[in-house]
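What follows is a set of notes on a single structure, which appears directly below.
Order of writing sets the chain letters: A, B, C, D, E and F. Residues in each chain are counted from 1.
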């Protein structure tokens, strides 16, 4: 039975790395110390589960505004962890799935994880798994209850499990009892203008002397994911010529920002 | 498989142009600069998806009051884009369809789009797809969740997708998390009296000296769609003779406006 | 196919006139200018759809208090219009029908109308089609959404359609988005005492010198439908003899009004 | 078909009289003029439907506090009317029936009535037909909508129908739109102490000199149905001997009233 | 049919006495006059149904705080009544039964009762039959409506029925319309310290000189059921030796009371 | 039947001890007198059920904040009780089970317990059995009602049953009527800094001179379960070497606490 379990695990693992890579299409760039400390704390959890025998299961939620880089961080942790069983659970292939169907899918992932001695499950965008909408609010209590149970259930003896969740709704999670159920809750910050400057500078997106006015166009806090989209819009929008792979002219950046403000 | 996918795409494309044409029965007339800048911004998005490799998917919502010309604008963009796969998704043929049925239909459209290297999906009148009504409010959370997932899900590698949605309920969309999910949100304005005068003048609807009093009968802001309906009512209402294709007599315009005010 | 469609239409048409006649059991009597202007505006819509090619579909809602004569007016318009396809849609034969059943019935009526070059659909008592009740409020959102779609969907090329709806709940319709969906909204007024006198006088219901005191028994505003019922109660109530077809004695009118007040 | 319809009607009629009799186990006693005027107004409606051709359908609701004698009044009217088709609709044999089942049962009763030239339907305790409860409030909107339609639907040509409903919730009926749907609404009053004295005196329940103190034990307003129950409790309660069919001793009446007050 | 009905009744009767006995495991002890008057009033109802022909059905609800002795009182009445058909309806064997299932079970009990000339039905803990919970509040309206009908429906001619219900939620019952539906509503009081002293003294639970301090440990009002439990805890809790059947030492009583206060 | 029942019980019992052991992976350490008194009171209940014949069923709920040690306490009581039938009911294997399924499972456990002369049922995390979530709030009323019935239903004659429940939502339980249904309600306290010092000292987690500053890092009240997790994180987090089984260096403890605070 154990051998068969291992066999089942192997292909899942192979498939997963590729999956996690697709979660960080713009790579990982460090906007500074705050980010690195966060990364460090997360890696410590990955280590603890690998090493300790007294905490066979740890659960951690990454919370932060939309586009703050939660999914990319979770994926990066998984790629670095190299546990024998790793699984990304997202709502992507659950369109129109029934509540019960989702519960079974979730339970299945945990059961699969229990078959491996050391496992990592990423629950991406948990609000989507829960069909959450702020009006009401409404959500699938069936799926929520399944999560509350699965996140607290100890793995069978000798098996270890790290669960990393992501959400942009920490306050809702508080009310749902999810925050109290996760052992650890960590915050993914937005980019301050200073952070954004560090990122844009590393990317070489602007001529050095245009960097400051370019940053000045941004809001006080910007999601890193949005920063990448804005750059691409400025680069490839109508009127862009063949030079689009090089620096972004400040002027086009400004026009682009103004157009979107409407 | 790819060949077969292409085959499937071709007829859809052929059918679509005609479909999009029916969305602008009164043609497209420019009421001035504001409109042209909006059009320009939209076309830039069409270009970006065609050209850039870093943003394989862009999503844009056109929001504006009822009759402000959202559907006609989206259709005009599609006709101008000439992507190999283009699809208009509206509630028109979803009368009484179940929530699940709508989800599957939506998912199917996205799956079809993923088969083409470059695709455009117009989601017209999203509130209708969602069965939204302000009393409650009520709406299909099942369909909403499907949209939230589909609008965020990356297309498979090498495929590109532009999604253009329309709505007259921007505040509701905010609460639903839809606005945050669309990459870009653009506003379709109503016609000021000045804009309306430009349009009526281009149409040659009134004798030049009657244009100003005719415009004065309008509200401060008028939906362009309503302007066309009012003209037609003044032209063909009871008492109109054979001359109805020519200019609208100011008097009949005034009577018509008063009748409707009740 | 077209021939078969025409065949299908013919019997419907024949049946309809009779149906519409049953909606005005007390005939149509003019209480004065206000009513005639309303009638005129409605007939202009009937003409516009018949003549204009630019507005293949017009939708108009008649709103007014219970018994104000909405159904009788809609029926009168239909009888005067003489379109090749005409249909009265009411909840009368939808007792206990499921929401889906109603949607299909509604969609079927529109599909049938599309087969005729020129069609008129009367949607009578729309609140009843919607299972509306003020407590909650509750209503069938499924049917509402179907209506919102059907009332906005363009007929196929070359077909024309006039939809006349009736309701006594204009404010609810506003909240439901129905008012905005109808192109035109017209108000059916109650009878003032002056209007009532005109009607009673035309009917010769009272001896001329008793007309004023009789009218004075009425509320400030009376639904025309109720006026006919009150007359009949005064005429045929207990104690009425064989003379009941003639004038109503003022005394009996007064007793009758007092009894009902309780 | 008509003959068969008549046949169907006959047994229903026979059965009905007995049914109606069981609704007034304590007979009908007049507590005075108010009651007689009410009775008179009701009988006028019974006459009007029998005689008039212009009001083929009349609907009347009797509203009054619990135990005020609504059901007994409706039954008395039916027994006096002697229409060829008469039917008592109550929730008694609808325990646990589904909403749809009730709708069909209601529709069936009306369809049956349409087969007879002159029919009377008593809808007893309409709130029970509606599964109404004040908490929420909750009720079956399905059944309510069916009633709203049936109460407004004209019978086929040449058939006449009187509907008498009873309820103790006039304000709820207002909100439900039921009051507006009934043509006439009449109030069944409670017994004042003066009314109660008239009743008790007619019944010879007390020794004449004990009548006043006995009445003084009652609340300011008493439901007639409760008055009969109190008498019976005082007569047959523990300690009552063989003489229980005679007068009620004042003392026992007082004890009984005090016991119930707790 | 009647004979068969009688046969059906007999075993039910036999079974019932035993069932009712199990409802008063601690016997019945009189805490004083208040209780005796209540008992007397109840027995009068039992007599009235047995004797009177004018009230073939009486319904009475016993309301009082949790543990105030409602069920034991109802059982005592049944045991004393010795009607040929008696039935205890409680939720005990309805765990997880559907709403419809409960309705049918309830209706069945009443149908069974109608077969006997004289019947008694105890509806114990009606809130449990209704699945009532204060949050919301929520309850089964289906079962409530069934009860409202069954409690008002007259038994067939010649049959008599007494229904005794119990509840600890008189205010909720008011809102549900249940209180108005029961003919009589009686209150079961809690024990004052004085009442408790009477009970404890009769039980000989404490040494006479320790009775007062023991009573002083109690709240101002104590449910009789709780008093029995407290005694038993003081008697058999940890540290109790073989002497536990005798008097309760005051000291242990005090410790026990303090432990429970936490 | 009895013999077979016993057979069924035996394996359940064998299995259970192991199950209960898994509920206290960190053993049981006494943080002081408060805890010991609580333990003592609980054991008294275990004794009472074993010994007394007058309280064949006792129900007790342990309420306390998340991680306060409720489950471990319940398990400890079970292990100490050594009743012939003992069962741990938790939501762990009820993921996605239907409401009815849960009811049946619960009823089954009680039925099984009734087969043994002396039984203990632990209902762990009752809010999870109820699918409770604070938003709304929502919960399964079906399961709640089943619990309310099962917790009040007397076992068959001669059988005894102790039920121990756990919850972290005492106020919600109050509103649900659960608190009133349990005979006894006991509070599991959090660790004050003083309690925590006792625990950490017994564990020898820090060098004695570092104990006070280590405790000072804690909140005023700490769940005992969290204290164990924090220790393990400080021990095995990234950067920990082979010495991780010994004392925790104060510095690493501080870093760890700060990281989690974010």
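By definition in this document, contacts are C-beta pairs under 8 Å (C-beta built on N, C-alpha and C of every residue); 3 or more make two chains touch, one makes a residue touch a chain.
These figures come from a predicted structure and were not determined experimentally.
K.L.:
Chain by chain, through touching neighbours only, how many steps does the shortest route from chain C to chain E take?
P.N.:
Between chain C and chain E, the shortest chain-hopping route counts 2.
K.L.:
If you take the chains that touch chain B and keep only those that also touch chain E, what is left?
P.N.:
Expected: no chain.
K.L.:
From chain B, what is the lowest number of touch steps before chain D is reached?
P.N.:
Between chain B and chain D, the shortest chain-hopping route counts 2.
K.L.:
Same or different for chain B and chain C, when you check if over half of the residue numbers at their contact belong to both copies?
P.N.:
different
K.L.:
To the nearest 5 degrees, please report the angle of the rotation taking chain D's Cα atoms onto chain E.
P.N.:
60
K.L.:
Quick one: report the Å distance separating chain A from chain D, using the average Cα coordinate of each chain.
P.N.:
Roughly 68 Å, centre to centre.
K.L.:
Between chain B and chain F, tell me the centre distance in angstrom, where each centre is the average of that chain's C-alpha atoms.
P.N.:
From the centre of chain B to the centre of chain F is 59 Å.
K.L.:
Where the centres are mean C-alpha positions, what is the separation of chain A from chain F, in Å?
P.N.:
34
K.L.:
Under the stated contact criterion, what part of chain F meets chain A in this complex?
P.N.:
22, 25-26, 66, 91-92, 94-96, 125, 128, 131, 133-135, 138, 228-229, 232-233, 235-240, 244, 256, 259-260, 262
K.L.:
Across the complex, what residues on chain D touch chain C?
P.N.:
Contact set of chain D toward chain C: 37, 40-41, 43-45, 47-48, 51-52, 54-55, 100, 103-104, 106-107, 137, 139, 141-142, 144-146, 148-150, 153-154, 172, 175-177, 180, 183-187.
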